[in-house]
Amino acid sequence: MSATYRELRERAFTANMEIPRRGLAIYTFGNVSAFDRDRGVLAIKPSGVPYDRLSADDMIVVDLEGKVVEGRLRPSSDTRTHIVLYASFRGLGGVVHTHSTYATGWAQTGTPIPIYGTTHADHLAEDVPCTEVMRPDAVEGDYETETGKQIIECFRDRNPLHTPMVLVAGHGPFAWGEDAEKAVYNAAVLEEIARMAFITRTIHPGAARLPDALVRKHFDRKHGKKAYYGQK
Amino acid sequence: MSATYRELRERAFTANMEIPRRGLAIYTFGNVSAFDRDRGVLAIKPSGVPYDRLSADDMIVVDLEGKVVEGRLRPSSDTRTHIVLYASFRGLGGVVHTHSTYATGWAQTGTPIPIYGTTHADHLAEDVPCTEVMRPDAVEGDYETETGKQIIECFRDRNPLHTPMVLVAGHGPFAWGEDAEKAVYNAAVLEEIARMAFITRTIHPGAARLPDALVRKHFDRKHGKKAYYGQK
Amino acid sequence: MSATYRELRERAFTANMEIPRRGLAIYTFGNVSAFDRDRGVLAIKPSGVPYDRLSADDMIVVDLEGKVVEGRLRPSSDTRTHIVLYASFRGLGGVVHTHSTYATGWAQTGTPIPIYGTTHADHLAEDVPCTEVMRPDAVEGDYETETGKQIIECFRDRNPLHTPMVLVAGHGPFAWGEDAEKAVYNAAVLEEIARMAFITRTIHPGAARLPDALVRKHFDRKHGKKAYYGQK
Amino acid sequence: MSATYRELRERAFTANMEIPRRGLAIYTFGNVSAFDRDRGVLAIKPSGVPYDRLSADDMIVVDLEGKVVEGRLRPSSDTRTHIVLYASFRGLGGVVHTHSTYATGWAQTGTPIPIYGTTHADHLAEDVPCTEVMRPDAVEGDYETETGKQIIECFRDRNPLHTPMVLVAGHGPFAWGEDAEKAVYNAAVLEEIARMAFITRTIHPGAARLPDALVRKHFDRKHGKKAYYGQK
């Protein structure tokens, strides 16, 4: 392993290890990548390797064509989806795909997660979007690239930095952020939002969405120009 | 850090660390304050700092005007809600706000948690109350103070020492107690009550409330003049 | 502490510590007693003491009149319910009361847990029974003794050794066994049965009970004259 | 203990210990066997021994007639079901039976688990099948052998290597694989699939199955001739 990508591999590794630590996946489910936009490369988890056998040296460095730049193992089978997201969405430094239980449960219904409360509005100002179910001809094509395209299509009128997560219908969640650590944070928040929404929906199937004024207030409190949450 | 507020900061810190230990919040969600009524100051968690990086020295000491008396960091964005509660409710020594999963799931329905059983009645003698959804003009004002006012409004005909918890509609739970430790205890009990009520409601949507005689008996067994639970 | 009841206190203590270990209660909820039928005394948890501060020396030894024979603290407020069960049911060596989440969720519906599967039938050959809701006049009397009487009433035509658990309507579960360890085992099994039945009921509200032949087979495989489960 | 079956016993023991580690069963529920097809023997968990008291030397070696070849204890009461599966399904090296909570919850409804998403399709290309409820005359016969026969009957038109799991109606799941480790993996995946399907069904009772093209794609990505998942 060269020293060139050491820091990038370390970042990807640390973020991947958060997946089991946060209970977001079992066995080999899920993968995180860290992106170096200047060099045009990402470091990503190898395919099918369980978290408890993973090391930073196992991370694979791949360019935006999908070519392996460094690494002994085969990269995650979802690598091309990550690439589409980095190529299409500006400002992304990390992408995460998991099969976390509640977010996947919602993705399997093929419907967005309604914005029921402020936990949700603290992180995005709309329902968690859900893509269309992939058409058979797209499935037969370059499947992982098509998955990325579906997400892009779903975000045609959305700002991916304001809505840093999506459900792929019948599949599961993707989340992203300015770096890999933030991307995993968003994936964990999505799982918690999905759990709360499941509870709300089960208690009261007709529960109302949070009024717009409250959505705006909570989102801006953390993300707006006059944000006053946190230490900066 | 001066020695003046050391004990108050320690108390606030210990109570804040109970939040992740009891599984009541992830990341930075949730905050606890400890109140020194004689000095008119509270110690509270800093805004946006994760529990695993928190120390007692990070606690912020704030007066009832919201002015920072001691501390390097910015206090929790919910500080003004805590202040309203201390200023309005007598006998409070601690206040907790969490986004615990089941209590938040109920808060998102905008309805009280029905008093279905004795676990609930051991701690309060009525449904867990739920505030109104905040009106847009209040949201646009001093939001965190307005949140406090909504709770006060909801408790106009209630004794906050007998009902030490509330759901803020579309948001999440607040709980309190004679000290910060007791406040976190009430927050944890609320989450458990919310979980049990979710189960009861899902099994049998028309489940009946606990009869008044049983509510009274259980509440008085622990809190009445002839209480005989515990060691005092 | 005398040596006379050391072994009994130890047994009660060990069984009580299984309550938090098995996730059957938070804080001070729940209590276990161990019975010495020859001496006519039971050792039970003190009232309101959290599990993480409990020691074997804290156990209280009480006779069947409810008189404290040995111990510095006040016994569990549910002691008289335990006494009624030991006095009325032959062969009991341990009694447990918890507020475990799913069993309590069912108790709050006031209905028995249907015998949906073999996990259930391995332990009892009928629905988990549920008492009537206590009438107001009984509540006003000796409440804990009345709770015991309700259970006895519910078991008028039942064999408590074949059905070692019950739901007290609006309250929570009691379980028992030939010794305190077995009683806690039955309480943990009840919680698991309650969880499975919650899932079955939610997926398919009209799910059928297990046919009688299968109920009989599973129960007898473990408990019948020709039992062939286990090592004896 | 002879050295002859040491490796087989070790393999069975390691796989059995995964059951509590993965949260698939409490107490003595569940059992795993490892099969040595050349010698025609399997090593299996002893009946009724809790996992925390289990050692590799406790494993029982049994032949396909059910005769104990080596071991001091009585083998799992489910041994004959394991034997039927090894005798009927080619290529099996491990069999697992658990009472894992969500899979059992589904088994108790007597219905298959619909293939709602790609987590499911990554492992099998159809609903998780569910046997018929056993008829009374079969129950009265050699019960454990009959359980095996029911599974065989259910797989008359199925490939057990492509669908490595089943629900026994009113009872619980069985899973298998090319070795004991893979069998436990499949049992854990089944529990996770069952959990996700519970959530999907509860949110939206009419949720659609995953379209065939996606089912095929995901299954073949991992198991087809052109599989490209993992490191081989």
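Before moving on, here are some points about what is shown:
Read from first to last, the chains carry the letters A, B, C and D; within each, the first residue is number 1.
Quick note on the criterion: a contact is a pair of C-beta atoms (placed from the backbone, for glycine too) under 8 Å apart; a residue touches a chain by one contact, two chains touch by 3 or more.
Nothing here was measured: the structure is a model prediction, and the numbers come from that model.
Least step count on the touch graph, chain A to chain C: 2. Distance from the centre of chain D peaks at B, each centre being the average of the chain's Cα atoms.
Because chain A and chain D share one sequence, their contact can be compared position by position; here under half of the interface residue numbers appear on both sides.
Centre to centre, using the average C-alpha position, chain B and chain D are separated by 46 Å. The geometric centre of chain B is 32 Å away from that of chain C, both derived from CA atoms. Multi-chain contact residues of chain C (touching two or more other chains): 198, 202.
In terms of which chains touch, the assembly is arranged as a closed ring, every chain touching its two neighbours and no others.
Pairs of chains meeting the touch criterion are A-B, A-D, B-C, C-D.
Of all residues in chain A, only 26-27, 29, 46-49, 73-74, 77, 99, 101-102, 104-111, 133-134, 136, 139-140, 143, 170-172, 198, 201-202 touch chain D in the complex they form.
Chain A contributes residues 22, 116-119, 185, 188-189, 192, 195-200, 202-204, 207-208, 210-214, 216-217, 221, 228-231 to its touches with chain B in the complex.
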